[in-house]
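Next come two complexes, and both contain chain A; in the first it sits with chain B, in the second with chain C.
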Partner chain A sequence: MSDIRPAGPPHPETEHDATGQAVAVGTPEPPPDVKPAKQGKPASLWSDAWYDLRRRPLFIFSSVLILILLVIAVFPQWFSSVDPFNAATCQLAQARNPPGSAHWFGTDNLGCDVYSRTIYGARNSIVVGMSTTIVTAIVGGLLGLIAGYRSGATDTVLSRTTEVFFAIPPILGALLILAVFRTGNVWTVMLALAVLAWPMTFRIMRAAVIMAKNQDYVMAARALGAGPGRIMFRHILPNAVAPVIVVATINLGGFIAAEAALSFLGVGIQSPDISWGLMIADARDRFLEAYSPLLFPALFLSVTVLAFIMLGDAVRDALDPKLR
Partner chain B sequence: MGRYIIRRLIQAIPVLLGSTFLIYLTVFALPGDPIASLAGEKRTDPTVVAILREQYHLNDPFFLQYWYYIKGVFVGDFGTTFAKVEVSDLIAGKFQVTINLAMTALILEAIIGVGLGLWAALRRGQAIDSAILASTLILISVPTLVTGFVLQLLLGVQLKTSTGFDFFPVAGVYDGWRSYLVPGFVLAGVSIAYLTRLTRTSLAETLRADFVRTAVAKGLPRRRVVGRHALRNALIPLVTYLGADLGTLMGGAVITESIFNIPGIGQELFRSVYERQQPVVVGIVTLLVLVYILANLFVDLLYAVLDPRIRYE
Partner chain C sequence: MKNTATEVVPAEGGLGNDPLLAVDNLHVEFATRAGLVKAVNGVSYTLNAGETLAVLGESGSGKSVTAQAIMGILDMPPARIPLGEVRFRGTDLLKLKEEARTQIRGQRIAMIFQDALSALNPVFTVGWQIGEMFRVHRGMSRRDAETKAVELMDRVRIPAAKQRVNDYPHQFSGGMRQRIMIAMSIALDPEVLIADEPTTALDVTVQAQIMELLAELQRESNMGLILITHDLGVVADVADKIAVMYGGRIVENAPVHDIYRTPGHPYTKGLLESIPRVDQKGQELYAIKGLPPNLLDMPSGCSFHPRCPYRQDNCVTDVPELYEINPTRNSACHYWREVLDGTDG
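Let's look at the complex of A and B:
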């Protein structure tokens, strides 16, 4: 982007292009690192954000939803008396029953209870979503911190590497990686998604670090003799991590949707393990005879993704008041 | 301008090399032997196998194999499959199908996204603004997988059986441009929502700018203030988003293609991965990377048209 030379006063939008993807995916630019203190009492960005979040209906609603989903993921047996992993609970004679009192969500092509399978499917979705988010945040965040802070050759090498990853279409790339592993399970899906997703966190972290590292407090820390490690982790990181948290929260929902897509294509989680994407794939052939085996996992999938996207929206609004 | 384009294209070469190398390496690591699987259940003649392995450089070390491949790509030779079909012939038709699908999605995205965003920005803070924002939230959250099947059911089956209205085909590509409408919308879904939000934010910001106040003050009609003054200045981030999205749409089309039974490159890639057809897999990804690079270059050049203050050395 250095090739663009605005002849007049800089256009407000061309500046953001240095962070590239930050604008392109509709995610916010890094927030201002100085927040106006209330009545002379210095409030940190975090306490301000938390104060703000607690009052947001969107945040409360999504948190409650996520809490319920987490309980379902950890203790599915509390919600269903049928164990879907026990093949004896499936009765072929009962295949494709409509929803009723015996089977709340009906039964699928093999006569298995759709409700219990949907409930037990929550765990894999949430584990993939959360683990991928954590891994990409740590890997992309750390590399972004180093690249932004050190600049020079380290930055060039890392930035060029991310460009290569950005050019690879994510779903197709994940499909290929999973084909190499041959067996799809929660951890290979997580790895495939993380390999392709870390560059986004990297770019956002790098941009935020570059903004933060020229601030006076960094100079002050250096003048007092702080080493690079201390400056990076004690001074720059806390001031640059907000946009990464925002993007990580929003991406979590995306990872859950991606897991379902990969399982739907047959390279993700494999039967007899349960995944909403896999359930949708199994139900699609007889979709017109029985809607419920496809629509209920689809509904749960959508609500889960919605909950995390809403949380991401709320966190972004709280951490980046400029965008309101 | 010319020098700028050439420099950008040269900068793209390492990206192209890097991504094809990664993909080639991944396909190289795929389990199974492509030559053995050619014969199916039958026993293979060792001399034939030996000749084929020699012909496709399968005995050479990995780097040499990649070198042979990439040397061919630079003179426009994408290689042949293990069944002796030219990869470029195999891909061409499917590529066209996916381009059609992605372009339909992009056009729908631009019309609906900018339209809704404009509407929301002009009615900021009112009920319609909140309604549009809420619907973008839903649109982002419901995965393609779900919208695809639900629309297939509603438009292709329910609407047809209840009213006889049969304007939206929901499978295959045999109804001309109409067959791309529903799949295109499904593919564009999430992008429409992001573009709506981006338009709203960008336009709302521009509407507060001094030059817009000046335009209003000198008595220009509202239509002209919004259309010529505000929208044009708000357009740059939108164009960036749309340009980057073409590559995303083409790469993400595999799910939509699978739901609506559209014979595009996503489906082809899926099959080729399992047949371990290195040249096909790498060829498709190379083309997608090229689309991504060229679309981004095109967007950068478009900046100068939208904002005359931007010049390229």
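Let's look at the complex of A and C:
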């Protein structure tokens, strides 16, 4: 399958065959003019993609951003001495202070420190983004693999099901699902987003599987005695997974934005838990008096989403050189 | 406990004196939007241990479909096998369950393909792919399987096998890839090896090397080899007998030297005359006139009649049976005597 042939540097093709003379039957030695195998590591799709990625400024920039965000999400206390979950740190008398040395990002309507809240808000965004991505990749990927491989009735049923999900407007659908749960928290938001987003992964996986399963190596694997499970997971999946990884990375940013939107609308993460979307919602009424409680979470949100989309772009370029 | 390959089909003999592999009156059809394509229409041939059968025919003659039916790797649907048997040591493979057939594939009957690059999985190293045979079917550890892979790569004469075992298929040249494919197929010492145009995608010099390798491996292990090809030159040195296919039927069956000396079917004769010779330089090359038959709409009677120089009226209406020329030869031509005599029609 030519489009997943690794990009990267040209591989020194070691020609041994066309020596111009046949190998004498029964001679154990290799043909005489054979050079030793080439040096360096073998070039798999993944090592080639990695080689390619390391040299992309876009990838370096976005992954550094994401790395910082991950550290912030895991260890917010390293970045802020103020614990925003401690109500005593909020002082109504200090409400809507502009950024200053005591409060870098100023204070919000309740006199809470915007900087520490923004820092602590990263965790929920990252958790929702990553868990939704993982769940959709597994569910959509697995069903797509089955539908693409089995085809026939299985495929028809699964494909029509995804079309039903595609027909639901995403925000409306998420509002409905969250209304059913009655409580909004990280996990219900994740579930609502995953329910609506898996069909996209499904479609991409299914298409990639259908392309991969008609390759000669799948038939060769069958001819050499591989069973259906082995063919699906060992021969088709590794050749079909690249587009899913690309879309998953790009979607991750989208899920973070969607979480913020749902929290903004009041059905996502609920106070006293912290979410950038929630902070934006709280700050919007008094925006003209105090811009900082709205500006900083919004800035963090945009940068985070942008970082994941840039990463997805870089990964796509590395994994699918044809699109360049 | 999964049943093993030898439980499915006994290792030796079988009932009476069955040949190693016997294809009997095999029919294969494909249901397509344009109609029913009858790709194979009653093919029969036998193969004994240590024997090489060359199946010769042009594109669309059904030679590859027959092989895929033997392997059980046809996609069904759209393919269908309405009639026929494929007996392996006396057991009809077509009646076995899918699990049992999976046990036989690779371990007892193996196959190699025309284009080794596309037949090797691009995301795994060749060592991993050869070793997979041992890990899956023999339950070997990763390390043991890799050792075996290196041994096999040595056996098919891949230079510096130890260094190259962790290379990927695209890092090998065409001939080397075909050697790797061969290494995979002989990994478990199959009794039958089907080679579907193994040299078509290769340079002429490399073709000879691959054919010699196959012949040598066959001598070492006494396996039966079915060599599917459209290249008469490839066949001459290696094959013991030849089955010529045309329009999904066998039109001639014969030991290899007989066919080259005295073809018994007008189609075989045409094929042999189509081989360019040096003394023809400057002259027009011979070609069988007309086009291969449309499998959706086969000619009546003998399917070769529209192109046949020996055609008589009954060729248009009567399907010729496989006439016995002598105990080792058959020809599906009403006028095989005239063809043998060389009198042009």
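Simple rule for what comes next: the second predicted complex is superposed on the first by the 282 of 324 C-alpha atoms of A that agree within 3 Å, B and C clash if a C-alpha of one lies under 4 Å from a C-alpha of the other, contacts with A are read in each partner's own complex, and residues count from 1 in each chain.
The criterion applied here is as follows: contacts are C-beta pairs under 8 Å (C-beta built on N, C-alpha and C of every residue); 3 or more make two chains touch, one makes a residue touch a chain.
Because the structure is a prediction, the values reported are computed rather than measured.
Shared-chain residue A:S44: touches chain C; no touch with chain B.
In the superposition on chain A, A:P238 makes contact with chain C only, not with chain B.
Touch criterion met: A:L176 reaches chain B, while chain C stays clear of it.
In the superposed model, A:E163 lies in contact with chain B only, and not with chain C. The larger set of touched chain A residues comes from B, when the choice is between chain B and chain C.
In the superposed model, A:P272 makes contact with neither chain B nor chain C. Of the two partner chains placed by superposition, only chain B is touched by A:M310; chain C is not. In the superposed pair of complexes, A:Q215 makes contact with chain C only, with no contact to chain B. By the touch criterion stated above, A:A223 is placed in contact with chain C alone, chain B being left untouched.
Contacts of chain A with chain B, set against its contacts with chain C after fitting on chain A, overlap at residues 4-6, 11, 13-14, 16-17, 21, 23, 25-26.
Those residues of chain A whose C-beta lies close enough to touch chain C in the complex are 1, 4-6, 11, 13-23, 25-26, 30-31, 34, 36-38, 42-45, 215-217, 219-227, 230, 234-235, 238-239.
Chain A meets chain B in the complex at residues 3-8, 11-14, 16-17, 21, 23-26, 160-161, 163-173, 175-177, 179-180, 182, 253, 257, 260-261, 264-265, 277, 280, 284, 287-288, 291, 294-295, 298-299, 301-302, 305-306, 309-310, 313, 323. Contacts from chain B toward chain A in the complex involve residues 4, 7-8, 14-16, 18-19, 22-23, 26-27, 29-31, 137-138, 140-146, 149-150, 152-153, 157, 194-195, 197-198, 201-202, 205, 233, 236-237, 240-241, 244-245, 247-248, 250-252, 254-255, 258-259, 266, 269-270, 273-274, 281, 284-285, 288-289, 292-293, 300, 303, 307, 309-313. Looking at the complex, you find that chain C touches chain A at residues 71, 73, 99, 102-107, 110-111, 113, 115, 118-125, 132-133, 136-137, 157-160, 163-164, 166-168, 170-176, 181, 184-185, 188, 202-203, 205-206, 208-209, 212-213, 215-216.
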